[in-house]
Amino acid sequence: MFDKRSYVLLGLPDEEFTQRRPGSNTMTRREVRAITLANLELHASTILWDVGSGTGAVAIEAARLARLGHVYAIECDMGALAAIEANCHHFNATNVTIVAGRAPQILQDLPDPNAIFIGGSGGALSPILEVAMARLCPHGSLVVNLASFEHLYEATNHLRQANWTVNCTLVNIAHTRNILDVTRFAAFNPVFVLTASAPQRQEQPVAERSQADA
Amino acid sequence: MFDKRSYVLLGLPDEEFTQRRPGSNTMTRREVRAITLANLELHASTILWDVGSGTGAVAIEAARLARLGHVYAIECDMGALAAIEANCHHFNATNVTIVAGRAPQILQDLPDPNAIFIGGSGGALSPILEVAMARLCPHGSLVVNLASFEHLYEATNHLRQANWTVNCTLVNIAHTRNILDVTRFAAFNPVFVLTASAPQRQEQPVAERSQADA
Amino acid sequence: MFDKRSYVLLGLPDEEFTQRRPGSNTMTRREVRAITLANLELHASTILWDVGSGTGAVAIEAARLARLGHVYAIECDMGALAAIEANCHHFNATNVTIVAGRAPQILQDLPDPNAIFIGGSGGALSPILEVAMARLCPHGSLVVNLASFEHLYEATNHLRQANWTVNCTLVNIAHTRNILDVTRFAAFNPVFVLTASAPQRQEQPVAERSQADA
Amino acid sequence: MFDKRSYVLLGLPDEEFTQRRPGSNTMTRREVRAITLANLELHASTILWDVGSGTGAVAIEAARLARLGHVYAIECDMGALAAIEANCHHFNATNVTIVAGRAPQILQDLPDPNAIFIGGSGGALSPILEVAMARLCPHGSLVVNLASFEHLYEATNHLRQANWTVNCTLVNIAHTRNILDVTRFAAFNPVFVLTASAPQRQEQPVAERSQADA
């Protein structure tokens, strides 16, 4: 049998993922995942934190792109942890480490990341952002997906107060569904994809730097 | 200087691309590009045709994902060809071949692709689809981005008459713009991302097949 | 008790309407209704055909605006007819006539309308448009709400072949839902609101006209 | 000449309005106006405050619906005031009073409204909401159109702290534009339409109330 699972880099089909609860489907959809991954600016060796990993869909696709890097899928919900494990196995994700525990505390022992994705915050959005800003490597990318405008406001505010640059994409996606002989569009709920980067440090000329070091 | 160009796999910034005409900006945006690439189901060795390559943005990002594969950027507009060349050079895309000429005729001499993207059709949508369906490798993915519903209808109709499966995603994206002290959203025009796959051939069990061959 | 039903002109709440089937909710939503009514360019004395009236929501709101006019709510589905009747009673719509039967045949005996809304066509879109174009009064407005792009194409094509001017609005609406302490957006499915007007007849100068009449 | 201006109740064409500055077009579009008016729950005798009236488009359409009522178009920008006046004259709006001045101060001398629309706040959103909540008649409707999520957050927060019920509609509209022989969609920027109503006062049974009064 021909199996796309074994080689497709991006665009794994949503319906192949085990959900955290039967019937529920709160995973980041394929299209939103693609935008999220683009904003994370992944490279082959990226170390990624996926905070609130849910079904692990972003973690697993990111791990395919960052084939020489590593993804930490952080999650505290038991059902979700089981789903991530099933999905990592199904998609043969070998460079994903599942981290069971509650952010931001659990982040302490992880290596510094080049990219951070926050897909869920369990009510601790600001403390997680605090740790994310402290730990993200220089030139790294921080992406937060948000469904509520209160969280959008909270995240934007928190990041801007630390002089981070914040941009946001509002994503409205609808998919065709064939009904009888015509094709209708079924909408997904809108998502705010927030992307932030650290303030650029003034790079000193070499001469000055030497003086300063002295 | 730190240069993300050299390593980012997906999500190259739109403003780094040379446009086909100064002031014009008809390129496939970063977000739509990400969705398009996801739907192309690229793998490391994909051979991709990018028909109506425009600024070459899809071709260049696809080439980063298909690092062992090859991308053919097909384009007939002189200004666009210059832009593609500038962009391939800027982003150091070594596995992109620029093909100057008009589709579908020009497609004849290219190797069979695993994936086809049609971003522009120059009024020859149906003939291009005809060649695409004939030449796409088994299990390959065909993606067509469309701005008009007449073309959406034409493409869907044409593909379905050949028993291809067609799905379409309607993409509405808006981006924040900081105006004074508040953040507003500026909308991009809606795009229809059509994705099609060939009818699955009935796979015969080996025994039957031997009989049939006899 | 204070009852907004008795006086609100526009914006009747969706949840006050009896649905055609318990649990189903295919009615034209308040926001889409408002856009539809705006495009119908109603005046106080408008005669409106509401073809495929469904729950009667558009008919009932139109009847409030066209307080000296009259609305014909045309519907063939038994469940829908019962819903329209219940809703006309609930909202005390006195200038709505419910017309049970199948369009376009049933339209024959109705008076010529100043405005026509087609919310459902039961597979007879083109024949209904044919009658609509023939019967709509000069300067009248024709609005068609469509969920599928095949119907959008069919309607646009049919109207343009008769030299009608066609415009279309793509409506993507999402509503807040309060979940715990945050506010999320739930999307309605996208709708195409097509608006058409007849070709303007060349108005002859009086002198010429006299000559022509002679 | 046949002139729709004289009688259309809703859906006046955007291009018939004088803009506040040549070339600028920040008016509330026809579709968003229709949704706004629906949410204002106007009746024939409504007294409406239109705060930050801009071009006066909402005021003028509201005045047609509230034919026995009155609309106060409040605006402090000189260019906008001239546009409102031109538009009131063009559309023969006799029940609109133009109020030149800065909200919330200028609101003090106006009669209590049944409906309030805030289309612009000139940096005084919270103080205007304060006066709006204090002055809106019982069962009245308050609608605020917002382009930025900071203002959306500020308004929602302010209203909820006073126990008002807040709902919000995210409106994404795109319009067809005919380009050569095909029809493309051009998007308007997304708008948040916030609608709020006062907390319902506990209505005491008569007997209890008498006791309490004693």
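Labels for the chains are A, B, C and D, by order of writing; each one numbers its residues from 1.
Keep this in mind: contacts are C-beta pairs under 8 Å (C-beta built on N, C-alpha and C of every residue); 3 or more make two chains touch, one makes a residue touch a chain.
Since the structure is predicted, the reported quantities are computational estimates derived from the model, not experimental observations.
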{"item": "For subunit C, the least number of touch steps when starting out from subunit B", "value": "1"}
{"item": "Self-contact between copies subunit C and subunit D, residue sets same or different by half", "value": "same"}
{"item": "Identity of the chain that, by mean CA position, is farthest from subunit A", "value": "C"}
{"item": "Inter-copy rotation, subunit A to subunit B, in degrees (Cα atoms; steps of 5)", "value": "180"}
{"item": "Cα-centroid distance, subunit C relative to subunit D, in whole angstrom", "value": "25"}
{"item": "Whole-Å gap separating subunit A and subunit D, where each centre is the average of the chain's CA atoms", "value": "39"}
{"item": "Where subunit B and subunit D are represented by their mean Cα positions, the distance between them in whole Å", "value": "44"}
{"item": "Per-residue overlap in subunit A, given as positions that touch at least 2 other chains", "value": "149-150, 156, 168, 170, 172, 174, 183, 185, 190"}
{"item": "Chain-level touch network, classified as line, ring, star, complete or other", "value": "complete"}
{"item": "Interfacial residue positions of subunit C with respect to subunit A in the complex", "value": "147-151, 172, 174, 179, 181-190"}
{"item": "Residues of subunit B that touch subunit C when the two form their complex", "value": "149-150, 152-153, 156, 168, 170, 172, 190"}
{"item": "Subunit D residues within the subunit C interface of the complex", "value": "2, 4, 7-11, 30-31, 33-35, 37-44, 65, 138-139, 156, 166-176, 183, 185"}
